[in-house]
Amino acid sequence: MVNATNLFFQFLDSFAFIVLSAIGLAIIFGMMDVINLAHGEFIMIGAYGTTLAANAGVPLPVAIAVGVAVTMVVGLILERTIIKRLYERPLDSMVATWAVGLALTQGARIVFGNSLSSIGVPFGAITYGEFSYSMYRVLLSGVAALVLVGAYLVFTRTEFGVRARATIQDADTAQAMGVETDRMYTATFVIGSALAGLTGALYAPTMAIVPGMGSSFLVEAFVAVVTGGSSVLLGTTLAGGTLGSINALFSNLYGTFMGKIALLFVAVLILRFLPGGLSGVVTDLRERMERESV
Amino acid sequence: MTDGRLGRREFLGSSALVAGTALAGCAGGSGGTTGGSASSSDTIKIGVLEDRSGNFALVGTPKYNASMLAIEEINANGGIDGKQIETFAPDPQSDNQRYKELTRRAIEQEQVDVLWAGYSSATRETIRPTIDRHDQLYFYTTQYEGGVCDHNTFAVGPTARQQLGMVLPYLVDEFGPRIYTIAADYNFGQLSADWVRVLADENDAEVIGEEFIPLSETSFGSTINRIQEADPDFVMSMLVGANHTSFYEQKASSGLDVPIGTSTAMAQGYEHRRLDPPAMANIYAGVNYMEEIPTERNTSNGGFVDRYFEMFPDAPYLNEEAQTNYFSIYMYKQAVEQAGTTNQEEVKAALESGISYPAPEAPEGSEIKLDPETHHVHHHMWAMRADGDHNVEAVDDRVIEEQFLSNTVDCDLTQEDEETQYTPQDYFEEAG
Amino acid sequence: MSGASNGLLGLFDRLCEPFNGSNTIGNSRAFWVGAVVALAITFAYPLFVSAYQAGNTALFLLYGLLALSLSVVWGYAGVLSFGQVVFFGFAGYTFGIVSINLGSTLGTTLAIPVAVLVATAVAGLLGYFMFYGNVSGVFVAIITLVVTLVMQTFMAQTAGDKWTIGEVPLGGFNGMPGIPNLAVGVEGAALTFSGDTFYWLVLSTLVVVYFGLRVLVNSRFGYAMVAVREDEDRVEMLGYDIRKVKLGVFTLGGALAGFSGVLYASWGNYIDPSVYSLTFATMPVVWVTVGGRESLLGGLVATVAIEWFRQQLSVTGSEWAMVVVGVLLLTIVLALPEGIIPYVHRKAVGVLQQRGFVDPDRPATATEEAAE
């Protein structure tokens, strides 16, 4: 018998984890064709920034902001020095960011040691009957939704967002029309880094803070990006929803191992049978509806 | 397209490069801490392969440190039989492939007299074939699932049966017979879960549920719900690694406060120092050693803890395995002095003659014994409890002998050389 | 064109001819003379060093075979695969399972082709799935990466008696020990490879594969591969089925990686899920990038050099090892994107052109030639 409330909370937890794991990677990849293999390390930097600040006495929300800020700075430096030379070379950017990731992980170990003291999880539990669930982890799903909505608003409703999308769609024309394309690329990369840092910052209270911690987000991140399809935000949302529900359902029924296997299996099916990804399905539907209404 | 004139640069290019790398393989002989020859007749060469980077750095570094502490102490006191100890101590980077390469190097090139190597069981099994092929004397010091009956291997860390056998009966007495097991989904976790079933049967308890969690998992919401649904008297946790540490944080934030018995948490990765209270509250560790055990040799002025932090003031914790490395080096010293030689076969025979040592884990007046027949140690075990503020204190202790190999399997290395690992599934019905 | 100016050299030139072409660097007579000298040195190597050294170098050489598999798939056909280690691992495990189950040296001999076949089949399946599903570019890289991670998670939990094939437990995280040395023949009349003989076997395999690949990449199929790498759409419009080309190359890469896996399993007499780890999955990419993606020789040389270097760093216990590797890789990607060997080759050609040793009108590489 499946307890519906349990399943619901587990779904929210899973949705949050997938969306937050993927969003930074998805923005950078979807908008710039750069696969950031240092994505895990960006998450780690956000977590480290937050933990160090919180352990120094800073209240958690501020510490999270610190974590995000530090990651943004690192992203900025990386973009200006390395990434900008590799825009035409997506495979090379993979290798280069992998190299950076290696250096960052070991660097963190050298500077900060093998682990940091963790910060406690705030907010306590939601209790219902004999069960309870961490309120914080459930709230993260709300944060994930906010991040998605926020990114959507930024990229569609603000001038910056429009210019950024113009640059990505057709850099030459955008430049001809006065958009500073270099700045747009940098800004987009920094936003992607900030979101990765946010993920690390948000999950830091619930995890052990070790230099290799970023790798536990990688599988979900890559799978979500690949199944999401070309529309970044829509794809990430759909991936989070679909894969999250599969993962939650199977974890609930058969255990965490089966949950993970089911998630990967469904991802494989999506890859094979939906070449445009999940967002491709929606875009196709939309186009078809527009055509029929004309 | 051949043209003699083009040739010279290509000649230089190709032959230099290809031959150069072949020679580089030659040059690989130098390097390392002490050069490439066997120990001279007035030094003893000890190989220490412990992780100081990579996934196991957290638990491997204390093992390395404690080994160096023991070696320095011994050297300062005149060495072994008057001979100073030199070390070959590279960093295998938590990489089994590296372990393989470095073990071969330690044995074939550095020709160490004795080898300490590896944190995980996987590492031990990776290098054991090489060890056995060369009949290299080898100490494996991490807690593990048990069952290794090997002429060359001295697995001197506590076994799962000893650790779980310390904490499980205590918890059954305190809280009741309904047990829920959560374990890391790999050999050690699965075998430990088997032992939980065997021990439950021996203690009139019952395993009402089991869950195996992949090593990479960091989300434990559904696990916690399942525990709540099962409503056990206590939980046995054999979770391993940094990812699984999240379980304790998430359990605390879900308000799950069922007592938890463990063989893996706190003693190795000092979660009670790293996590905010009350994540580890009500957790009972069954261990032979943690920094907090209340023996005189450990906590007194100038005791083991003091000496360790004097040599390593920046170390965050003195963990379970570090003590095992420490006392086993002293046991080796005893055996060499007893045998009068570093010849490995004779030292093994000396080790099989009934060595005992006043290790920090044993209370004043007692020593721990190295069992001749199984090459394991009859440990002095402790049940250590962390309270709501993460203060750790001992609630129970006694000597637990190695039983599986001695009593069930009949492994007797003094009579017959073997190189096998036994599992409880072959011997106990309850283990499934 | 000096051609057969004198009999012996002319014969030598003609022998080298099939291996030359614009898709490989190093096509001149003196390159081949140099190659012969280098080969002689590397073959004689075990006679001058200890058994440990020879065995250690043999490991680097079999990694070279793994690098060649990626070189041909990525460098020549443009398919970046993080999954070569999947085929490596499948073959290694299969070799262990079959050889231990069958027992005798005949069993071991049979295990070799079975293992390579399994690896090839897996590569074919994965390749079919990806290329006939129109997955390309970075998505191939991501999918192969995810497959590798999945294999690691899956294999790590195959501990316990129910995960046994025949009499051989998969061993889970602890791996599968007791894998026998490579052997060819029947009991009593068999040739077993270990120590020096293993080194020579690996080296010979490497040489054969290298020469075979040289022929392949300079053949029509080789040109098709390069064309697919350079401009897929145009190739399709010319009537080639690029999916078939990619699948063919990918499967070949799988077979080569598989054979490397067999050698690996018998080198250490052991295999475990760490062959599927993220680090090991990316090493072939590192080797091939540094050595020169479009150069078979480059990949080989870089593999041996990098692995030796990493081992040295580990021996000295330096905590900077991984940082150095990362920085090295980054520098190569940014500064020498073509890789070290092609760069050295190009520079050397430039120098010799200036000195008049080389006809300045003659292009040094295929790319340059194509650009004219």
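So that you can tell them apart, the chains are marked A, B and C in the order they are listed, and the count of residues begins at 1 in each.
Methods note: a residue touches a chain if its C-beta (ideal position, glycine included) is under 8 Å from a C-beta of that chain, and two chains touch if they have at least 3 such contacts.
All values derive from a computational prediction rather than experimental measurement.
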Linking chains that touch, what shape results: line, ring, star, complete or other? complete
Tally the contacting C-beta pairs at the A-C interface and at the A-B interface, and name the larger one. A-B
The distance between the C-alpha centres of chain A and chain B, rounded to whole Å, is 37
Among all residues of chain B, those touching at least two other chains are 53, 185, 212, 214, 216
Please output the residue numbers of chain A that touch at least 2 other chains, ranges allowed. 106, 109, 215, 219, 257, 260
Can you list the residues of chain C that touch 2 or more other chains? 153, 157, 319, 321-322
Which positions of chain C touch chain A when the two form their complex? 74, 80, 129, 133-135, 137-139, 141-143, 145-146, 149-150, 153-154, 157, 278, 282, 285-286, 289, 319-323, 325-330, 333-334, 337
For the complex, give me every residue of chain A touching chain B. 3, 6, 9-10, 13-14, 17, 106, 109, 113-125, 127, 130-137, 203, 205-210, 212-213, 215-216, 219, 248, 251-252, 255-257, 259-260
Residues of chain B that touch chain C when the two form their complex: 1-19, 21-22, 24-26, 28-29, 31-33, 52-53, 89-93, 95-98, 100-102, 104-105, 108-109, 120-122, 125-126, 128-130, 185-188, 190-191, 212, 214-216, 423, 425
Interfacial residue positions of chain B with respect to chain A in the complex: 53-55, 57-58, 61, 185, 211-214, 216-225, 228-229, 231, 242-243, 245-246, 249-250, 252-256, 269, 271, 273-277, 279, 316
Within the complex, which stretch of chain C touches chain B? 1-3, 5, 9, 13, 16-17, 20-21, 26-31, 33-35, 37-39, 41-42, 45, 48-53, 55-57, 59-60, 153, 156-157, 159-161, 171-175, 177-178, 268-270, 272, 274, 279-280, 297, 301, 304-305, 308, 311-312, 314-319, 321-322, 341, 344-345, 348-349, 351-352, 357-359, 362
